[in-house]
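Paired with chain B in one complex and with chain C in the other, chain A is shared by the two complexes that follow.
What follows is the complex of A and B.
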């Protein structure tokens, strides 16, 4: 029933004609997918992955480069991007979890892999155009009832596309979290040695969570890069990972959709109070510190009563 | 060719000791107090800026500016530990996230004061040493010797003094250590301040050799963590060796591969060591 909350969002463009507001919402939905999918790994399974920004960036590069070099459409390109990220995250997840890397060590090794990928993207000039990045010349196309296949352009079309994507992501992740798998994730988060003795295949469910989370990041990467029509190695930067963690923490770790609230606050903040890049960095850092120390359950956690431990 | 290799080897050793001093801070805070402080890298960066400001800005002599900067960073480390990390002692991931937040706060403040323009300190000690055919700047030799002495001092203090035994006891079993009369609160604060001081010293010496930018912190903390894990958390002389291994790999590697891939060596070592020998190269058995 909570999905009814999303219905008013579909009518926002009818009431609001301010492009700035709609643009903020589009960015909120797109990075919201990123934060929600990160929270599956971090909030629900308890693994601090620093690979999320890399999955986001890899999919963006894979989508665009496959469109340019293979001549496929955006949707096939996005599928290639998602499949590519799936394979990479199965490999990295299998390595990390087979060798039972936990907490700090998992965070460090996922960071090491994403830094290695960033170095390759940064230095493979002939293929990725290095630190200059790529300005997109292609746009996605979409079949719209009554208008046929048209390019996705303009704020309204992107608004509905990104809203549909974020609703689909929240729906998919809440199906996972509220299923048998979600209980396994919770038991791994609370005590993975105990989960193991209870007969839960800790390796398998950690891997499922890691891969499912990265698939969300891949979808977000394909859409986001085509919305701003530009990719560069900054997609992989530690600042990007930092922003993702900040959104998930600020929104609330216990609820599937809560990170979107964090995404909204952090996306809207620079527009509400006009600040420069340094001040934004300062605010991100302060939000991380203060959220951990003062409201570890996040904004949504403050508003909603805790129902059960898992 | 041989001269080039030996030169890069020596360069690698000197950069490696800078990595080692950060690795030592990481190994002490993580091994003894159980807190991962990624902010040690920005403490080093702050140490470099403070030293540069004291010498070139105010005009204090370099040998006097270094201890001042170190004391300043130790105080910041202590303040941060008491105001922030004290509340995350029971949760490693929370401490990690707080330290990541602290990085952006400090980097933002440094950017506001000193901008992104690289700052170069005046030459403290010009001139070179000639060892056979190899040329080593005098200042680099001084930096190496000072850092080596500090690492040896730390090793001695941990193994030969009451405070060192107390620290090991605390690392093994915090409750039992408290029952034996060790003031654990003071010990934790002391370790936090000491590791911040180490990072500050690394920065103060770094300032005399290379350009100072706000980004050096993140690069050095990554190398420091890599070296500490490569060596095995808790091993003091191991973190020295780990730093040297990464420094030398980068120095010698840059002869054969484009230097753009310099950051990759430590990452590859790190992944391999965690998979093949997760306790680290020099871990006590």
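What follows is the complex of A and C.
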């Protein structure tokens, strides 16, 4: 059972008391959900979506704004965020896949939709506070055995919450990938014309993959924004989408959990080598190029023998 | 009548690839469609399987119109086509290729219940999938290549895998686009046996080939098309002696 590999992670806070290390791991898990869910669309179904950062940000905004305006709890707000992203993804996916947009055309159209949403959020000052972003005044609450309902605060609680979320995400996506549905995704990635003649509804399964991937991004967005207690329209930027692609490629796109390794490297890197934001982008780009040239199967691909993806 | 082709016409711009073609297919027979290169045979199969939409004419499958349905819907209805140039999922193993083709079978067996199998509480959807795949691989003489990547098969092996993919869909009507082209002598005999096996199990076959020898012996009935129009129909032996057919193949006056 590969899931046993996650068990030691639950004991990390007992052994490591350095807040920086735990914080890096929390970010790794939260961004890891984003990268793993992106890889369902990209690595397993072969569709290069640039909508992923938008699904992430959209859910963060939807969660917080529904808490403020509807007075619901974080968990209901997150559910609203996920449902909202699901509906938007169905609409955008249906448009892209109905017109059979391929490769770069799909990437560009999904990028255009992300930009559209970013501009709406940037300019709808009265509702979203525009470019200033929103500082959160609300926190999620959680029922903890023996302590009742308490606010999620502090590094330890966030550590366990984000670890539980990433384990759940990896579990859910591996169920999908290693099922008949994963075979449909693989057939679309490898030869969609053949898939069509074998009776596989290419439109339907592209859409299912796109929506299922974006739901992961939505969950990550709700948690991440509450962890840092802040959102602004930069969540939607192309930089974010490129960072997600870099994580998936660096970790290895053949494996469900591998993008988390990419997330760890790219999250820890700024702490290991201290550079400013512009230089960081340069380093991301360099890593991306070197990965594609030297290890196209990613870090996990270097360690694990090729296994077929269906 | 299983499938009726009525006045089928397909034009690509100024080129008429299939012209006012009509014929019928009965359940359980092997029909051979002959014609020289460029006579419209592949276009005909692409029209039946929904890859192309006809310019005019009708296709009636079990009393229902086929025109306008998408390829995957036509496959689900029981008409499956193989490709002249083998189409595969190259980086996957032979076994995994056939597993993907098991989608329609799963869909027929489980329907929407297949969605429930994604959740951990339910057992796997396809318990007998592996045995079914092995059966198809044995039938197509591919069992020795079960775990080999499909891309590393020989050309003949790739063509047989194409047939195996189609078989896994459990078709009522199997459309084969030049299954024998590029095959060696042994592979051809192999294919002949597989196709006869299929007919014995009740599958209707529509095979197109420009080579008369292989298909002439296999088919129950032959149709010859030339420039997209039918020029002869009947028992293969009679049809292939037909004067118009010989002219189409060899040119006027050579016969």
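As a convention for this text, the second predicted complex is superposed on the first by the 308 of 310 C-alpha atoms of A that agree within 3 Å, B and C clash if a C-alpha of one lies under 4 Å from a C-alpha of the other, contacts with A are read in each partner's own complex, and residues count from 1 in each chain.
The working rule: a residue touches a chain if its C-beta (ideal position, glycine included) is under 8 Å from a C-beta of that chain, and two chains touch if they have at least 3 such contacts.
Because the structure is a prediction, the values reported are computed rather than measured.
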(message) After the alignment on chain A, I want to confirm one thing: do chain B and chain C clash, or do they fit together?
(response) fit
(request) Report, please, how wide the angle is at the C-alpha centre of chain A between chain B and chain C, in steps of 10 degrees. (result) 80
(request) Name the contact category of A:126: first (chain B only), second (chain C only), both, or neither. (result) neither
(request) Using the superposition on chain A described above, determine whether A:274 touches chain B (first), chain C (second), both, or neither. (result) neither
(request) May I ask you to name which of chain B and chain C touches more residues of chain A? (result) B
(request) Using the touch definition from the top, say if A:202 reaches chain B (first), chain C (second), both or neither. (result) second
(request) Mind working out whether A:180 is in touch with chain B, chain C, both or neither, as first, second, both or neither? (result) second
(request) Applying the touch criterion given at the start, work out whether A:108 contacts chain B, chain C, both or neither, answering first, second, both or neither. (result) first
(message) Contacts for A:285 in the overlay, against chain B (first) and chain C (second): which applies, first, second, both or neither?
(response) first
(request) Pick one for A:116: touches chain B only (first), chain C only (second), both, or neither. (result) first
(request) Mind working out whether A:194 is in touch with chain B, chain C, both or neither, as first, second, both or neither? (result) second
(request) Quote the smallest CA-to-CA distance from chain B to chain C in the superposed model, rounded to whole Å. (result) 11
(request) Could you pull out which residues of chain A sit against chain B in one structure and against chain C in the other? (result) none
(message) Under the stated contact criterion, what part of chain A meets chain C in this complex?
(response) 175-176, 179-181, 183-184, 186-187, 190-191, 193-202, 308-310
(request) Sort out for me which residues of chain B touch chain A in the complex. (result) 30, 36, 84, 87-88, 92-94, 96-98, 100-109, 111-112, 218, 222, 225-226, 229, 258, 260-261, 263-264, 267-268, 270-271, 274-275, 278
(request) Over in the complex, which chain C residues touch chain A? Could you list them? (result) 49, 51, 70-72, 75-76, 80-81, 83, 87-93, 96, 99-104, 106-107, 114, 117-120, 124-126, 165-166, 168-169
(message) Which stretch or stretches of chain A touch chain B in the complex?
(response) 48, 95, 99, 101, 103-105, 107-109, 111-113, 115-116, 119, 122-123, 238-239, 242, 245, 249, 278-279, 281-282, 284-289, 292-293, 296
